[in-house]
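Heads up, there are several structures right after this.
In what follows, chain A forms one complex with chain B and a second complex with chain C.
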Partner chain A sequence: MADDTYLVDGYLPTIGIECHVQLRTATKLFGVMSNDARGAEPNTLVDQVCFGLPGALPVLNEEAVRRAAQAAFALNTTPQPFSKFDRKHYFYPDLPKGYQISQFEEPIILGGSIDIVQEDGTTKTVNITRAHLEEDAGKSTHPAGGDYSLVDLNRAGTPLLEIVSEPEMHSAHEAKAFAHELWLRMKFADVSDVDLYQGNMRFDVNVSVSKNPEELGTRSETKNLNSFKSVEKAVNYEIARQIQLLEQGEAIVQETRGWVDDKQKTVSQRSKEDAHDYRYFPDPDIPPIVLSEEYIADVASSVPDMPDVWRGRLGALGVERATIETLLEARVDVDEQILDCIVAAGSDARVKTYANWIVNIEVPLRKERAQQSKAIDVTPERRTSVYDGVALLIEADKLSSNNAKSLIVELLSTDTLPADFEAHAQSKGYIQMSDSSAIESIVQEVLDANPQAVTDVQNGEQKAIGFLVGQVMKVSKGTANPALAKEIITKLIA
Partner chain B sequence: MPTAKPTDDNLVSRAWPCVTDIAAEAASGTVTATENVKKALQIIADKNPDIQAIITTTEERALQRALAIDAAIKNGESAGRLAGVPFIAKDNMLAFGADTTAASNMLAGFDAPYQATVIERLEAEGAICVAKANLDAFAHGASTENSDFGVTKNPHDTSTVAGGSSGGSAASVAAGMAPFALGTDTGGSIRQPASFCGVVGYKPTYGLNSRFGVVAMASSTDTIGVLAQSIDDVAIVNDVISGVDPSDGTTINRDTVTYTDYSTSLKGKKIGVIKEYFPKELDPVVAQDVSRHIDKLTELGAEITEVTLPSVAAALATYYIIVPAEVSSNLARHDGQRFQFSAETPSSLQDSYVRSRSEGFGAEAKRRIMMGAHVLSSGYYDAYYNKALLVRTKLIQEFDAVLQDVDFLIGPVAPNPAFKIGENEDPVSMYLQDILTVSVNLTGMPAVSLPLGTTPDGLPIGTQLMAQRNDDRALFGAAQALMEASA
Partner chain C sequence: MSKLTREDVLKLARLSSLTLSDDEVEQYRTELASILDYVDQLKAVDVDGLKPTYQVSGLTNSMREDTVQPAKADAEKLLERLPSRDDRYIRVGRMI
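Entry: the complex of A and B
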């Protein structure tokens, strides 16, 4: 896109994003306590390390390093062979040690880039500055009206990868697309569970506007956005707010802001004057991370294909662009292996059919069940059996698409698959009547009952044929082969 | 202050058989674990009012453990290599049975919910912790005067200091309260009090002994070591406590050979006398004594050579940048919010932080926190902390180069014998006590202080032997040879 298409009232907005990704590990970044704080009572996932007791020492979780290394490949780069941890000091009750262990000078990822899909379908490359490992702090809550705060350290020590983009985005749409693409990639590469509801990914957007495209304006940083929509809204709000201030002749203050969803606006939290001197220095308790060439090669070979590879692959198979995006999301929030059956479908028709079934049948079904806490687990083998079996019946004209849907829903949710799909479908009354004589008697019955429609057909009104086919389907309780029914109707009326 | 003459009353130079004999006697039932623990507690009860080496005993738990060990032995079970051997732990090590205070009001009353790895490993071999030893608060000091629980006195002359910061550990062993004690050495805190009190003090290779469960002073130089009456006792204790600990990521592999299995032959060995360890400020009595022992090494067949390590001159300055930096960070967790000292009725969160830390820490901790925060602060980091790291690297390179040519290094431990209580009130003069010990903390090398001499007044003088990283076992051999020759 040309730069001037980005202009808002003559100002060029510029956006950089920092994203905290919670790594998928069994335990915390520097200890043996569980990393899964979902539903846990406050302060139950806490030991001497998380609590910052005297004598407690951090021991690096190798699984977290592995996830971060995977992330490097998801960001189109390789992990640094040498990186190390630093301490970042500040006092807050949810920071037990008085410092956060982070990577300041030598992060595990330097550089990288991701392509984002723009509104017009073209792609744009956004460069990554760096990504570093760090531990999360605990959670503070401040009960309304209380003269106290509560601290829950369950989350303290949770492994995070903070990914920092270059300020190369120029619209809320690009910011949202970047966040979304990052979300896809972190899941595809098995870096994170990327559950936004659980805060597995939190976005900070740095927004500035400038009349001079060569020079960045003063930026604000809106922190802790946990949805793509809020990223988009916060960026749009900041662009508008900053332009309004500048138009009124006021200066932009460099500050940290928060998004208030109730009010659909950002509010100031902390200005730069309050900025800490964090007194970073290398953490002497943690030896540097040294990754061998063999290790990096091993990680590289373990990272599966990224979304852009899937876009190319599914596009080449003839799947439409919008459908592909829905399928990629399904791979993230429904099932990592859900796309494999499309590639293995075997024919162009089946590719489209399977893509359609995933988007319109399996995804809604599984999301609904998950919401009802009745999540169903579909193995790739089961999916292949069900999809292939149902496809065969359709290809043999034995199943209508409506009945196919019912059959798929049923077979994906049952524990044991029937040995004979056709017999099972038959017993359920799903099999299409393809016996001409049986259909012919139903057709005759329908023609007798609808003389007006017959006349209409005879007068060349094609719509009436559709009506009559519908009636046949109704009488046959959906089992009649509609193509055959139409053929017989035409034959009998002629 | 009353000046006690050097008196044998405070010294039980051999109150205990060697550690292996104590364990053997306990295993055979000749002298039970319970008898050992009672004996240790009795000596503590008798002497501690004068010496103040102990903050608290772990009497109840120690007697329970002794009973259990004796019962196990009666049942024919193996009770471990250190069965029934009492020991004393510096009170910056988390242990059950008594509070862990680090000798600071900040941590007073802290009932540790877990034990230090070194304590766990000793207990697993049947050793019994009987008491927690006094120290300079948070191990900040070289005299054990900076304790919120009283000044430890030197058993050789109670008007003098025991040294520090492991002064309680050194004095307790010198006074025969237990056959060995654990200490920590960040800049000389085991070797210097060992020198003052006339016991063997061993600082291991950095990372050899786990720091897990030890109140951190400076993470990159903290080591956990042993104070005892003999090299053999030090070696067997080290054999039990050393090696990789999954709870401390900086621990290293131990020697594959038992630490007691060392060679005392010095024939053909080269020993370097560090020129910079004999500065003009060195007390001539100390210089003469150490030189006498260097001559002994020649008699043992070793080749003596003078070596020069120019960066040693900058070691103390380097140490007093790096260590306060780490101290300021490690002490940040003592914030009054989660455990132990917390200011009463704070008006705000900020007030709670400021007052808890202002009231809880002593002057020396605050001084080091301020120095550390300063050298790490933006604008000063490059001028101080980064420069100190460069000097540290240079120091390591110089030591490594010299140790290509020589097997061991030798020099004094401290610039002087034990000084009078109250004599070094100026912080800088106290810091100068560390001048001959900090280098090996910065380089990670092992070193021992050996009680080889005395002043005309009867105060002990230690001699320091140093070796390359991971040469701890060889160091024990050389130390033992020198101990025997100088006996």
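Entry: the complex of A and C
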């Protein structure tokens, strides 16, 4: 897109994003406590390392390094052969050591890029500056009316990868698309569980506006956004707020802001004037990470196809763009192997049918069951058996699409699959009646019971035929072939 | 002798969460200045072409398996020793 299409009241907005991704590990970055703080009582997943006691020795988690290396490939680059840890100093009660162990000078990822899909379907490349490993801080709460705060260190030490983009986005839509694409990639590459509700990915957006496209304006940083929607809203809010200030002749203050969802606005949190006073120095407790060529090659071969590869593959099979995006999301939040059956479907018609079944039947079913804490597990083998079996019945004209849906829902949720799908469907009354004489007797019954509708049809009212077909479907409990029923109704009335 | 202003010392104190008396500010102003002088002496050494020494142990990849282990200092003992707590929470001065 040309720069001028981005202009808002003559100002060019520029956005950079930092994202903290929680790595999928069992334990913390430097300690042996469990990483899974969901529902845990406060301060139960803590030891001397999380408390930052003098003499406690942090030891690096090899799995966190592996996940970060996988992330490099998800960002279209390779991990650095050499990286190391530094101490970042600041005082805050949720950081008991007085410093955070992070990577400042030599991060595990330098460079990289991801392509984002724009509103018009074209792609745009957004470059990645760097990504580094660091430990999370604890969580603090501030009881209303009290003169104290409460700290829970369960989350302290959780391994994070902080991914920093170049300031190359120019609209709220691009910022949202970047956050969404990062979410897809971090899950596809198995870097993180990417559960936004649990805070597995948290976005900080740096926004500035400028009348001169060659020069960046003063930026604000809105921190800790945990949904794509809030990224979009916070960026739009900041663009409007900054332009209004500048139009009033006021200056933008470089500061940290927070998004308040109740009020749908950002509010100032603290001034960033001391930003560079973290007094970083190399952490003497953690020896550097050296990744061999063999290790990097091994990680490379373990990282599966990224979303853009799937877009190309599914697009070539004739799946529509909007459907593809829904399928990619299903790969993230329903089932990692859900897409495989589409590629193996065998015919163009089946590709579309299977994509449609996943989007309209399996995904809603499994999300609903998961919400009711009755999650169902569907193996790729079962999915293929069910989809192929039901497709065969449809292709033989033995199943209506409504009954196909009922059958799929039932078969995906039962423990054992029936040996003979057709016999099973028959016993459930799903098999479509295509026997003319059987349908004819039902049609006759319906015509006798609805003389007014018959008169209406004779007077040329086409709607009445639809009503009669509906009655036939009702009497046959949905098993009559509707096209055949219509044909017979027309024949008998004429 | 390096120049260090009163404001420099107060800023450092703020970043380190320390409250200093006027006498202490003056004391640290001189002491820190002599440390800076020492650093200036080190800076005079020509280190062109040398890689920075981040660590002296010579170790690399000192890592552990990602398996949950029992704590050396367990949560209950750590909580018992807190100067101030509220049930299982660490209680601190109001932050915001």
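Going forward, the second predicted complex is superposed on the first by the 459 of 494 C-alpha atoms of A that agree within 3 Å, B and C clash if a C-alpha of one lies under 4 Å from a C-alpha of the other, contacts with A are read in each partner's own complex, and residues count from 1 in each chain.
Here is the rule we go by: a residue touches a chain if its C-beta (ideal position, glycine included) is under 8 Å from a C-beta of that chain, and two chains touch if they have at least 3 such contacts.
A quick note: this is a predicted structure, and the numbers were derived from the prediction, not measured.
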Dominant toucher of chain A (residue count), chain B or chain C: C
Which superposed partner A:Ser140 touches (first chain B, second chain C, both, neither): second
Partner chain in contact with A:Arg279 - chain B first, chain C second, else both or neither: both
Partner chain(s) touched by A:Phe51 [first = chain B, second = chain C, both, neither]: both
Touched partner set for A:Arg87, first chain B, second chain C, both or neither: first
Contacts of A:Tyr99 with chain B and chain C, given as first, second, both or neither: first
Partner chain in contact with A:Pro287 - chain B first, chain C second, else both or neither: both
Contacts of A:Leu60 with chain B and chain C, given as first, second, both or neither: both
Partner chain(s) touched by A:Ser34 [first = chain B, second = chain C, both, neither]: second
First (chain B), second (chain C), both or neither touched by A:Gly199: neither
Chain B and chain C footprints on chain A, overlapping residues: 48, 51, 53, 56, 59-60, 89, 91, 93, 149, 277, 279, 284, 286-287
Chain A contact footprint on chain B (complex, rising order): 93-94, 100, 102, 107, 110, 112-114, 116, 211-216, 218-220, 246-250, 325-326, 328-329, 331-335, 337-339, 349, 353, 373, 376-378, 381, 385
Parts of chain C lying in touch with chain A, wherever the complex brings them together: 11, 15-17, 54-57, 59-75, 78-79, 86-96
Touch list for chain A against partner chain C, complex: 25-27, 32-34, 41-48, 51, 53, 56, 59-65, 84, 89-93, 140-142, 146-153, 274, 277, 279, 282, 284, 286-290
Chain A residues within the chain B interface of the complex: 48, 51-60, 87, 89, 91, 93, 96-99, 149, 277, 279-281, 283-287
